[in-house]
Amino acid sequence: MNAIAVMLITQAVHGLAYGMLLFLVASGFTLIFGMMGILNIAHASFFMLAAYVAFQIMAWSGNFWLALLLAPLAIAFLGILMERVMLRRIRRFKLGKALVLFELMLTVGIMVCIEEAVKNIWGTDPQIINAPDALRGLIPCFGMTYPAYRLFIIGLACSILILLSIVLFKTRLGNIVRAAVQDAEMTVALGINVPLVFTFVFGLGTWLAGVAGVAAGPLLTVFPGLANQMLLDSFIVVALGGFGSLMGAFIISMFLGELTAFGVQFFPGYSTIILFGFMAFVLTFRPLGLFGERE
Amino acid sequence: MKSIRAIAPPVTCICLLCLYIISMDIGAARAFTPLQADFSSYDPEKQEIPSGDTIKVGLLEPFSGQSASAGEISNWLLGWVVHDINSQGGIMVDGKMKKIQVIKADTATQPVVAKRALQRLILNDKVDFFVGTAGSHIAIIGNQMAEKYQKIFLNYSAYSVHLMNAQNFNRYTFRTCSTTDINARGLAYYFSKTPIRKFYILCQDYSYGQDFGASMKKALKEFVPTAEVVGEVYHPLWLKDFAPYLSKVQASGAEMIISSDWPPDSWNLMLAIDQMGMTIPVAGQFFDDPRMGENLKNKKVGLGNTVVNFHLCNVETERNSRFNKIFHERYKDNAKVQIDWPTGVVGGVIGHFYWFFDVVQRAGTLNTEKIINLWEGDTYESFAGKLTMRKCDHQAVMDMFVSTLVSPSKWSKTGNGLGYQEQAVRIPADIVMSPCPEGLK
Amino acid sequence: MLLEVKDLNSYYGLSHVLQGMSLTVYSGEIVGLLGRNGMGKSTTLKSIMGLVRPKSGSIRFQNQEIAGHESYQIARAGIAYVPEERRIFSNLTVLENLMMGVKPGENQYQGGWTLAKLYHHFPFMKDRSAQKGAHLSGGEQQMLSIARALMGNPALLLVDEPTEGLAPLMVQEVRDVLLKINKEGVAILIVEHNLKVALSLVERVYLMGKGHIGFSGSVQELQSMPHVQEQYLSI
Amino acid sequence: MKRQFGKWCAWAMILGGLYMAPRVLGVFELNVLLGTAIFALFSLSLNLLLSFTGLLSFGHAMFFAAGAYGTVLVLTRLSGFPLLPLIGIGAAAAIGLALLLSPLLVRVSGHAFAMLTMAFSQIMYATVMKLSHITGGNDGISGFAIPSVSIPVVGVVDMALEQNFYYFAISILGLSAWVMWFFTRTPFGSIMVGIRDNPERVTYLGFSVPLSKAIILCVSAGFAGVAGSIYALFQNMVSVDGVLGPLSSFSPLINCFIGGLGTFIGPIFGTGIGTILLELMSAHPEQAQLVFSLVLIAIVLFLPGGVIMLYWKANTRWMAVRQNIQNRFFKRRIYE
């Protein structure tokens, strides 16, 4: 294979890996937004917090798999706590559509809070999580060698995507979630305990952020600014993909990953302008995003 | 009685002599000796802040935001020096021993926040001097405010060469760290003695990174005419994923990446190199962090990383050995500060602080003009070598040190991991220093 | 007595929509709730359903107080709601839409209304069970909405404007379906704009004035009092 | 009558206080006051969109930045340009930007409006960084001299002097705030509220919603531009992080929120409280953000009407207050 082809494929896989990671974050973001209408700005902070919790579990046990199992659960627990204690409280104020702004402010506050708490606990230095030995090194694929851990991320995200699709599209629980995403009031009128489903979805969303956070740990260093980077990207994914659309989130995540990778290759420094230009264009003509169905 | 009378005159004489010596010692403007305090009690986390009639030093650094760790480090470096001086009683200024009080001001690495913080430092907290700062775009605010309010500004960590050119120069700002130009010249000179010829420039996309890229190209042209810059790319600050950049580097056939990155970007870069299974070394100022070395699993990664700095712990001088020893004793088991041997920046900046307070001590006053007059042209023996404050642009003239990371190294944590080579290469000031900028005398 | 609403007061933000609303539905009957726009007919249904939380008053269903309960608890108690504008889950298939009506913890074959029975009443659903709800016509969506509500085996069906925006033929069909359901023993409280349809369907009517009941009586009584119709219904 | 008198007294006290400020306060405190006033105007202009028209913007900073860059670029390129028109140029730059974007922005509302404004401000950020030879990029432009003003009777006033600049800036800021307040009282103000509450009705009444939105956007942008312009002059610098960074768009939102949504004067209180908090925390910069976020969370959870509610709360019971807020603002929806 000639060098250019190898180059193109490599960049494509790079984009895929980052896109997959982004999808893990954005899927939770879009689920929570689509279902509960909460623009959870703190979502990316949960992502970062998961990386730190994983770092701490690694420091205690040295086992990456344990961290991958436990840290997302801890984060999901925190998310559920936040939903039940805080978000539910302001829902009770009955603020109508202004609720969105209140939730926005609350989650902004929580985001800053998490970032500062992380700084106080773990300090401002970057921390490093080591990938398990089984996932180190390179694996031959597509006629070249590629880092195993990045392939692992692709695999992990794919399996979660499949799992999530099965849960959402093939089970009654999934039907309920999708129904509630579209019309929570009607769903509750059919005898379904929607507040409980809300809590479940919030937990699921933060769990996804947690998984992404642990997976991102060995790929990026863990530092307090990690959340800001992810926040903007997942914002774009959710806005472009359509609020609450899992498929949209997946496609836009891939697109963004590839744009970044090929942007570095062909037009370094301009991919931001292209990306936001594209976003402006899409939102002007499809305000609900490319795959959005509901306001 | 008799015996007392007999020994009274010599005792009196001795007492008087002692008093004379003591008073002479206090009265004379003397340079203090660094590293006198007992550092075993020094805890960067809990610094004693003296109050009352003190010398107030503003520390302008990011304490929040993405670069907060830079501020933290500066704070404990300054704290180290202040601890030393304060436990010796302080500095004699205007006929009075005064302790040093550090007042922190947060820039959040944003010029506007920095400006406000500086106004508070100067107008509200009434600091005598201020020191800083990470980020060239912040330092330029420091320059302006120093000039406006006629306060001395010690810049120890903003490297952009244009900060002290004819347009931005003012007589209140002193720069003790190197510049992008000096770093680049040091590196290029070093490479002229090695067979490495293919370089890839990978820097951060803002003024400092761009300055370094430009300086590097100029210096390579001057010192290594046969060198080839096979690629040049500027990445955004706080980049998430280096992989696409590294694939580009790999395809270019480069033998050495030249990068101005600082943490967390420098860490991310090394980590990505590790993950990609690449072994191309990186040259720059911040690729010697021991914490990074400990965490790279592939032992070939990081080998050959070339560090250029105005101080390195493997520079063999008497002062440096002493400093290294104290530092190592203090920090080798500290879990929070995982730097067991002082990295270049750490040692260098501590030296710069000593120099600054030494100047104040010798001036014997807080009067700005007197300190400026004394400092211009002043020479100080720092840990690694001599520093001279050039009068024309207030840029410290210094030898530069280049070291390659090897393994095993006695400068690694375990003694057989990745670390500096045995001894740094000293590149004399007359090679690395560029002449005074045009328009300045 | 199946449902007894007494002195209900509900607010929409600040506006006092229901002002001492009272009505009664007996088992197995069809009751119409009629009135001009903005009188609070839909709000009455929503208040019974718990979607609008009444501020005061009592709602007793099968001798149990349900006012202030969560909507899903009310639904589980045996009240089903067919809303205005159908509110079909457009991204779910017809079958999934139907299954949403099954109450949690119950088997769909447990009660009287099974899938097979519904397919019998609404044959088109069987053929189109795998289609997305969005692809149905207005009338079909209305049928699906009713069928979905029935899946929960309710004792009382609250139906809000079932014929709005439908073609005359479809209106007829909806009317027939409601009658058939009623024959199976389900009581129906219906809000209907189309007076002709309403009167051909119901046994008793309530006419709403501003937030309260202005007239109640049988269809015959109403028809014999044109001035009441004039007062509460004409535009 | 008594109420009126109290009102006039309050006004007199505020004006007198602002007039006396330079004589009482030190330079630092004066700067803090003026900085707060500038951000208060910026927040007020955002509030025009947020509270009155019900449009949530995540990119209002771009108008602020347009004002700042417009003023500074003209000032540094054309020597001898007088001061007052400079601020006009700042406003004009912001209005120009709003005009340019309005055909796209008026088409959308709700989250799409928020996202679209965010996208445009990010594009502006990236562009300003790319055009660093003009805008100074990350370093920004700084250290320019503020032109003096010659007033016929008084003579030449040196604006480099803090007190003089304070009087100049505070009068423009105050005037702008008053004009904005007046704007909300005109019939057009009711159209704004109409767009927020019931756009169909506005159309029904014969007004074009997109056109009205465009006008509101321009007005709001213009005042943001004035704030940005004065800010650049006051700080004597403009830098991309300072006027376009992620915080620049969010902090006025937070100010509006803390102060009290749905009121005209809320953002002023919000900005003031933000400043006071920052000043109180100045000795512990590392923890300032933490405290600020905790205050924000506490306000969301326990004082949902903002600080201005404290005043109401003293008079009425909680239920009544909540209804008051709902009546004023949340009657139907915050934005369409």
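Chains: A, B, C and D, in written order; residue numbering restarts at 1 for each.
As a convention for this text, a residue touches a chain if its C-beta (ideal position, glycine included) is under 8 Å from a C-beta of that chain, and two chains touch if they have at least 3 such contacts.
Keep in mind that this is a model prediction, so the values were computed, not measured.
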Checklist outcome for this item: Centre-most chain by CA centroid is A
Checklist entry - Which pair, B-D or A-B, has more C-beta contacts? => result A-B
Next on the checklist: Taking each chain's centre as the mean of its CA atoms, which one is most distant from chain D?
Outcome noted: C
Next on the checklist: Please tell me the distance, in whole Å, between the geometric centres of chain B and chain C computed from their C-alpha atoms.
Outcome noted: 77
Checklist entry - Counting in whole Å, what is the centre-to-centre distance of chain A and chain C, each centre being its mean C-alpha position? => result 41
Item to check | Contacts with 2+ other chains: residues of chain C | outcome: 13
Checklist outcome for this item: In chain B, the residues touching two or more other chains are 68, 205
Checklist outcome for this item: By the touch definition above, chain D meets two or more other chains at residues 286, 289, 326, 330-332
Checklist entry - Which bits of chain B are touching chain D when the two form their complex? => result 63-64, 68, 104-106, 109-113, 115-117, 119-120, 123-124, 136-137, 140-141, 144, 205-207
Item to check | Residue ranges of chain A touching chain C (in the complex, touch as defined) | outcome: 96, 172, 175-176, 178-179, 182-183, 185-195, 293
Checklist entry - chain A touches which residues of chain B in the complex? => result 65-66, 68-69, 71-72, 205, 233-236, 238, 240-241, 243-245, 247-248, 251, 263-264, 267-268, 271, 275-277, 291-292, 295, 297-298, 336, 338
Item to check | Sites on chain C touched by chain A in the complex | outcome: 13, 49, 51, 70-72, 75-76, 80-81, 83, 87, 89-92, 96, 99-101, 103-104, 148-149, 152
Checklist entry - Tell me, which parts of chain D touch chain B in their complex? => result 26-29, 31, 35, 129, 132, 137-140, 142-143, 235-237, 239, 241-243, 245, 282, 285-286, 288-289
